[in-house]
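The structure under discussion is supplied below as structure tokens; questions concerning it will follow.
A, B and C label the chains in the order they appear, each numbered from 1.
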Amino acid sequence: MPLQAYLILAALVFAIGLFGVLTRRNAVGILLGIELMLNAVNINLVAFARFRADIGGLVFTMLTIAITVAEVAVGLAIVIAIFRVRRTIEADHLDLLRG
Amino acid sequence: MAETVGFWVMAVVLVGGSLGVVLSPNLFHAAVLYLPAALVATGAIFWLLESPFLFGVQLLLYAGGVVTIVVFAIMLTERLVGESIRQSSRYVFNGAVLAAAVFVGLLGFVVQRAVPPAPPAPAGEQMVALGRALVGPFGAALQLLAVLLVVALLGALYFARAED
Amino acid sequence: MRTGSPALALLVLALPAASFLVIGLLPPLRRAGRVAAAVSVAAMGGALTAAVIMWQAARAILDGPPRNPSATWSWIPADGGPMATVGVMVDELAMPMCVLVTFISFVVQVYSYAYLHDEAPPALGRYYAYQSLFAFSMLGLVLAPGFLQMFIFWELVGVCSYLLIGFWYDRPSAARAAVKAFWITKLGDLGFVAGIVMLWAATGTFDFWTLFGLADTGVLAAVPGLSTIMFLIYLGAVGKSAQFPLHVWLPDAMEGPTPVSALIHAATMVTAGVYMVARAFPLFALTPDVLSLIAWVGAFTALLAATMACVESDIKRVLAYSTVSQLGYMMAAAGAGDYHASVGHLLTHGVFKALLFLGAGVIIHVFHTNDMFRMGGLFARLPWTGVAFLVGTLALAGIPPFPGFFSKETILAAVLNGGFKLPFVMLALTSLLTAFYMFRAVFLVFFGRAHGHAEAHGVPLAMDGVCRLLAAVTVIYGLVLAFGAHHGEAPAWLPWVSMLVAGAGIALAWATYQREAIAPSRLSAALAPIDYLARRRYGLDALYAGLYRIVLLGVSRAVGWVDRYLVDGVLNVLSAAALRAGDGLRRLQTGQPQDYVYGVAVGVLLLLVWAHLTS
């Protein structure tokens, strides 16, 4: 398959993940969207690593996977903490930054 | 040939799973069914892109670890089931428009370049090359990653501690 | 022509200036009133001496072309010669004027010392500071070599007038009169400054000698709009010399102390307009239409003011209207083309009008009132004062051998020779009225029954002595003119006609007020319409007050409205808009992270678009 196919696929998944981040009410749902976006990035990286014979792409992918996992862990810990305090994790209700 | 078929099958699964993650009213379904499907499909694509090691990593960390964490989080919080898409999602139309716009924008960059020829598959053990790269040119990044993981661990511990 | 020494002229200028600076800058000196008075009087005496020496020592240049009588120093430098110069111009016109100004200032300052005897010393010091400043300003005006310096001192003289009229500033009427004087003369000054600037724009110079040269060579005559320029310059004289319609400030200026009225509203400041016309006469000669306007306005002013003097009961106001009337005479002569007659009358009038005012000061001091109808029978008590006042009155009425007769003769001759028939009749009629109202005053104050209560103690020597001195000077002046050189071709019947007219006025006054053969009320009934208008000052004061209220206050209210609602309004609208915009933009911060993600996504989209467009 040509490189463009993978890139288009990755862009599509990225857009879908963005859609999820923008629309999901539940905080966990938002995090799922973020997951998809990061996944799409990984596909991009590996595709370029393959098509340019550059090992850096794979290293990069590994690093991002590790970071993503850490981020999910911390992020969900925050969500649980919020839930404990406010008894809700609906994004509409978490508006303390309101101006 | 086989690669093409494999690609299309995995592509369909990936996109379908992604749509399911973002559109499913039932968060549990989204997290346990659709998300792992998408992640495994991504891993398969990695295999198709001649990096089986990353396929393994993807399955272990993403499809295994991340999904588990998400399930835990869902369990510890309420309101996982909504009746309709309107209850579980907000401003769907706006979001769809914006996401589509971003997709189109990215697409514009992708299609305007000429198709580069695919170089031959890299020879030699990929694992060895990866290992050498990690401790060689990317050694600093590895160290920083380690620090990051420790910090993240501590942070998660702090956040998830029992009330005192 | 005779020119004087510039060094002496500068001394004449410097002495009063130094006196003003000393009194002004040393508060202890000023507060010790009498010392300030002594300084000022001494300086004035020195200036008088210098002026007299300067005049007598003027070198006679019998041959050769006329030389520039001025000594100037550059003031505002510019490319191609200085833009403005200051200095002194000491010619035959300036020198007698200097002597008049210094002499009258000197006697008035001596007189004031007694007149203002019961003023607090700080006030007295302030008075003498103003007097010194006035003397310096008037001399600077007289000696000015160009329009710019003349204008500066013109304004300075106006300021001194304001300060001295409003000397008793805690009296509302005095304060109002000072402001009114300033305003009305300022109206004229607007024209003056416009005129001299336009003249400078056309010729590039303010300097009189240069302008006279340009007039001689015909360059000036070719300047377009010269009539307008000279008319505007004349407007300054209209204001300063109280010509119709800007004469209304002079009667009200009598709120100031009587010596002030004698000095600046009889002899010197008000004559500055006449002096200016005489000084700039070579320029006025190029615009005969402006000159005839000057003559007509002068004659009309003379007649108008004389009618108003006939119905006044305040002795100072009678003298004030008389001054306006005589200024009209002077202007009429200048307009008719003979500025020597004008200046001649200026000099004689300066002496005898000052005498009359200072005499009036004595009268007021004795009776403690200005109202003539509450006086009477003073001649028996103060015969020498009466004689002095009578000398002044005869001079003003134009009876030979007093100087007023000769100077009026030359004026009437000039007007007649200039072909101004109706102005001549007006001026002749004014002579009759002048004699009438002056002798009316004399009969009411000095003769007849004593209505008022006269002061028991005598008149201070300073006041009385000055009056007698001025009377003596008047008589001597008259004799000098009688035996001196006559000039001007007057028809033979003119002196007899003017004596007849003056005699008729005196007879009418005698019949009405002394013998009471004619009742004043019947006289006013006979001339009812004029009498009515004259008593109301022809409505001019009311007109000015109305104009001021409507126009000036109206304009300021409009400007204030614009400032409050438009200027401030714009600012208020801008700030309110900023506040409202801020309020609106605040709603952008919903506090919900997904909205911020929207923002980020839109930003990314814009970046993509931009990258597309620039790739």
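The rule we apply is simple: a residue touches a chain if its C-beta (ideal position, glycine included) is under 8 Å from a C-beta of that chain, and two chains touch if they have at least 3 such contacts.
Keep in mind that what you see is a predicted model, and the values were worked out from it rather than measured.
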Testing understanding: with touching defined as stated, what is the shape of the graph linking the protein chains, line, ring, star, complete or other? complete
Which pair wins on C-beta contacts, A-C or B-C? A-C
Taking each chain's centre as the mean position of its Cα atoms, how many Å separate chain A from chain B? 7
Chain A-chain C separation of Cα centroids, rounded to whole Å: 95
I'd like the Å distance between the centres of chain B and chain C, where a centre is the mean of that chain's Cα atoms. 101
Multi-chain contacts in chain B, i.e. residues touching at least two other chains, fall at 90, 94, 98-99, 102, 106
Note: chain A residues in touch with at least two other chains are 18, 22-23, 91-92
Two or more other chains in contact with one residue: find those residues in chain C. 594, 598, 601
Which of the residues in chain B come into contact with chain C in the complex? 90, 94, 98-99, 101-102, 105-106, 108-109, 112
Residue ranges of chain C in contact with chain B within the complex: 594, 598, 601-602, 604-605, 608-609, 611-612, 615
Within their complex, state which residues of chain C touch chain A. 586-594, 597-598, 601
So, in the complex, the side of chain A touching chain B is made of residues 1-9, 11-20, 22-29, 31-33, 35-36, 39, 42-43, 46-47, 49-53, 55-56, 58-59, 61-63, 65-74, 76-81, 83-84, 88-92
In their shared complex, chain A is touched by residues of chain B numbered 3-4, 7, 11, 14-15, 18-19, 21-22, 27, 30-31, 35, 38-39, 42, 45-46, 48-51, 53-54, 57-58, 61-62, 65-66, 69-70, 72-74, 76-80, 82, 87-92, 94-96, 98-100, 102-103, 106-107, 110-111, 115-116, 118-119, 122, 126, 129-130, 133-134, 137-138, 141-142, 145, 148-149, 152-153, 155-156, 159-160, 163
